[in-house]
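These are the structures in question, set out in turn.
Okay, so chain A shows up in both of these, paired with chain B first and chain C after.
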Partner chain A sequence: MIEKLMNIDRRIVFILVALAVIIPSLLEVSFPITVSQPTRSTYDYIEALPPGSTVMIGFNYGPSSLAELHPMAKAVIYHCFQKQIRVIGMTLLAEAATLGDNMLKDVAAEAGAVYGQDYAYLGFRPGATQVLLGMGTAIDSVFEADYAGTSLTEIPLMADVTNYEQVDLVLDLASGSSTEWWITYTNTRYNQQIAAGVTGVIVSQMYPYLQTKQLIGLMPGLLGAAEYEKLIDRPAKGTEGMSIQSFAHLLVVGLVILGNITFFIQRRQGE
Partner chain B sequence: MRRQVPLILCFAFGIVMALTEFSPHPFSQWLNEEIIDWTLVIGPFALVLAVATLVQSHWTRIRRRSEYWQYSFLVFIGMAAMVLIGIPLGQRHEAFVWLFRYAQVPMDATMFSLLAFFIASAAYRAFRARTLEATLLLAAALIVMIGNAPVGDLIWNTIIPFEDNLPSTARQWILDNPNLSARRGIILGISLGVISQSIRIILGIERSYLGGVEGD
Partner chain C sequence: MELIGIWVAALLTLCIYSFLYRDNPFYRFAEHLFVGLSVGYGIVLTFHQGFIPFAWNPLQEAVTKQEWVGLVRLIPIGIGGLFFARLVPSQGWLIRYPIAILIGVGSGLAIPNVMRADIFEQVHGTLAPFAQIHAGELGPFQIFGVVLMLIGVISTLTYFFFSVEHRGVVGGVSKIGIVFLMIGFGSAFGNTVMGRVSLLIQRVDFLLHDWLHLI
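What follows is the complex of A and B.
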């Protein structure tokens, strides 16, 4: 029996994972969400910004991390539009260019935001760190036109946003190292306020920057999205995903505990 | 000469950029910004290089009939489709957006989703409390995992009416304290390594970035 458990066919584990994902999504179970301090700090900072402020959002994640970061982007952008805070989108990743454009258009349609006045999307430019440094001098030295090819001089929003001095907050939505680039090149050099929303895999790397206040806030993966949705009282994909995440995490915890119990029994039998 | 010119350029730009970072003089700031503008122009060439390398490596796979060489044709088909639609029609054209939304996004997301299955299987097989260190790591991982899912708090609050939301509080404590300390140590180590490596490159001691055989 123990031997069987130790050498369980991995396809059984795969089926259990599939069930842990499928069942809660069909049952639509929901759990109460506790908001963590780093997410609340991000919310509080944006909430305190006066109407007409500017938030720059870096869509620095590809389609593989879309499930975690898209709900977060949606919640924060909606919050900004609700507060009449202007949003400038951009990306340092080629594959995220279309993704950021679609997201801004979708949320703008829901919130009734107008392109050019309430938001603008600059798209992608290669050379990550040079892009970040270049925008410190003049945004139009890096992005001479927006994603649709319209010159920045023809976009009303960009008339009074020339560099980081007019940007009240940068929010980096990242699945890689881009948050660290923002911190190194824009926070340290230009004293730019930065918040981040990152995938669960890299969230632990961000805590030193949170403690030094180089990050004013941090949203951890899908949980961060759910927390932000709770704060703006608009449950959506993040909140829905929490039931799936809960069951999947419980399953993995259960498997680890079971694996260790069988390991100890086998070791005792061996002795 | 092939090696001396890059070494001289690297030394000159390395020293100039390092000095301009510390000088608030207008000329220094102008020079810094000017060089950043140059690098912005150079940046796109890296993309050209990346495409050339991709084509070269997959073409070599096809020519040599390496394992699964047939898939390299898919790389070319995918690349050609995106380029032929993206360049003439633009990235906002319906066809380009359709390909992105209904081909690239599902494929990319599927690849990443598979990780969940392998992680679950690997966690069952390999995550064992064999030593004290492994036990500590295991305990921390389980607490963070439970704290990361709202069901953790729900179970705790229902079963144990003491210290509400303890799983998420414990998770936050682990992230704020042991994790932060360990991560800071890693950052300091990496930073010192980067500084020393940069000095070696600027001074021409480290030359591996030039490629080729030592002494060429």
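What follows is the complex of A and C.
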């Protein structure tokens, strides 16, 4: 029995994980969500900004991380539009260029935001370090036109936003190292306030920056999205996903415990 | 058109997940398609968002307006072009120049900022709370957290200090460091599980909701 458990076919584990996700999806179960302090800090900072403030959002994730960061982006952008906070979108990753554009357009349509007045999307420029440093001097030295090719001089929102001095918060939505770039080049050099929403895989690396206040807030993966949705009282994909996630986590915890018990029993038998 | 997109995405999702059973031609087809599309998309976008605005447009403007000083951009463009020297084996050595410039500029920009962001700020963040303890601004739990963090930092750094043999006091401290490292790895593993399951949830939601309309 122990021998069988230790050599269980990995495909059985895959099937169990799939069932742990599919069954709760069909049953549409929901669990309460508690908001953590790092997510609340991001929300509180944006909530405290007066109307007309500017938030720059870096869409630094590709399609493979869309599941975790898209719900988060949607919740934060909606909150900004609700508060009449202007949003400037951009990306340091080529594969994220269209994702950011579509996301801003979708949320703007829901919130009734107008392009050029309430939001603008600058798109992608290669060379992350040069882009981040260049925007500290003049945004139009890096992005002379927006993603659609419209000159920044023709976008009313950009008339009084020349560099980081007019940006009240940078929110980096990241699946890679971009948050560290923002901290290294933008926070350290220009003293720019930065918050981050990152995938679960890299969130552990970000906590030291939170503790030193180099990040004013941090949203961890799908959980961060669910927490932010709760704060703006607008449950969506993040909230749905986290309820389902709980079942998968229970299964993984159960499998880890089972694996450890069988390992120790087998070791004792061996002795 | 949207319906075709949903069907293509659903079938490609199933092709990718078929790898969980075992490697097969459907998985490899989807994998190669993904890599090819990603590279192609990246090249086209970099060309349009990088080369055209930073190289082509300024040069064209300089020529059409006869502002010859604008041609100074030919120097960085030429140096950048040396990257392609690798394509001619006999002239491959020329690539050293753009690489040397990139490393020099990159290091010059990064070193002072990285030192400040990742070392000075982190050391300050570890020690500054002791001033708050001294001023009586922290409660018992916060003091416990601050002391625990300092122990964690010192013991973990000791574990990675290989100039002294890990025996006696150093060995004991480095063992405490291992405990902190294990807690860190456990946290990273837990967050990674959350991240990976999130991807599965999104795909299942797509298949059940957008494709099969079951939910």
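Quick note on the criterion: the second predicted complex is superposed on the first by the 271 of 271 C-alpha atoms of A that agree within 3 Å, B and C clash if a C-alpha of one lies under 4 Å from a C-alpha of the other, contacts with A are read in each partner's own complex, and residues count from 1 in each chain.
As a convention for this text, a contact is a pair of C-beta atoms (placed from the backbone, for glycine too) under 8 Å apart; a residue touches a chain by one contact, two chains touch by 3 or more.
Only a predicted model underlies this, so the values are computations on that prediction, with no experimental measurement involved.
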{"item": "Contacts of A:Ala145 with chain B and chain C, given as first, second, both or neither", "value": "second"}
{"item": "Touched partner set for A:Phe31, first chain B, second chain C, both or neither", "value": "first"}
{"item": "First (chain B), second (chain C), both or neither touched by A:Phe14", "value": "both"}
{"item": "Partner, of chain C and chain B, that touches more residues belonging to chain A", "value": "B"}
{"item": "Touching partner for A:Gln214 - first (chain B), second (chain C), both, neither", "value": "second"}
{"item": "Touching partner for A:Thr188 - first (chain B), second (chain C), both, neither", "value": "second"}
{"item": "Touching partner for A:Ile22 - first (chain B), second (chain C), both, neither", "value": "second"}
{"item": "Touched partner set for A:Thr137, first chain B, second chain C, both or neither", "value": "first"}
{"item": "Which of chain B and chain C A:Pro126 touches, first, second, both or neither", "value": "both"}
{"item": "Contacts of A:Lys237 with chain B and chain C, given as first, second, both or neither", "value": "second"}
{"item": "Common interface residues of chain A - those touching chain B in one complex and chain C in the other", "value": "14, 17-18, 21, 64, 66-67, 94-95, 97, 123, 125-127, 133, 200, 203-204, 208, 211, 220-221, 223, 245, 248-249, 252"}
{"item": "Chain C residues touching chain A - in the complex, by the definition given at the top", "value": "20-21, 38, 41-42, 45-46, 49-50, 53, 106, 109-110, 113-114, 116-118, 121-122, 124-125, 149, 184, 187-188, 191-205, 208, 214-215"}
{"item": "Chain B contact footprint on chain A (complex, rising order)", "value": "8, 10, 13-14, 16-18, 21, 31-34, 36-37, 62-67, 94-95, 97-99, 101-102, 123, 125-127, 130-131, 133-134, 137, 141-142, 147-149, 200, 203-205, 207-208, 211, 220-221, 223, 226, 242-243, 245-253, 255-260, 263-264"}
{"item": "Chain C-facing residues of chain A, complex", "value": "11, 14, 17-18, 21-22, 25-26, 28, 64, 66-68, 94-95, 97, 123-127, 129, 133, 144-145, 180, 183-185, 187-189, 199-201, 203-204, 208, 211-214, 220-223, 237, 240-241, 244-245, 248-249, 252"}
{"item": "For the chain B and chain A complex, residues of the former touching the latter", "value": "33, 36-37, 39-40, 42-44, 46-47, 90-92, 96-97, 100-101, 104-109, 111-113, 116-117, 119-121, 123-125, 127-129, 138, 141-142, 145-146, 148-154, 165, 168, 172, 175-176, 179-180, 183-184, 187"}
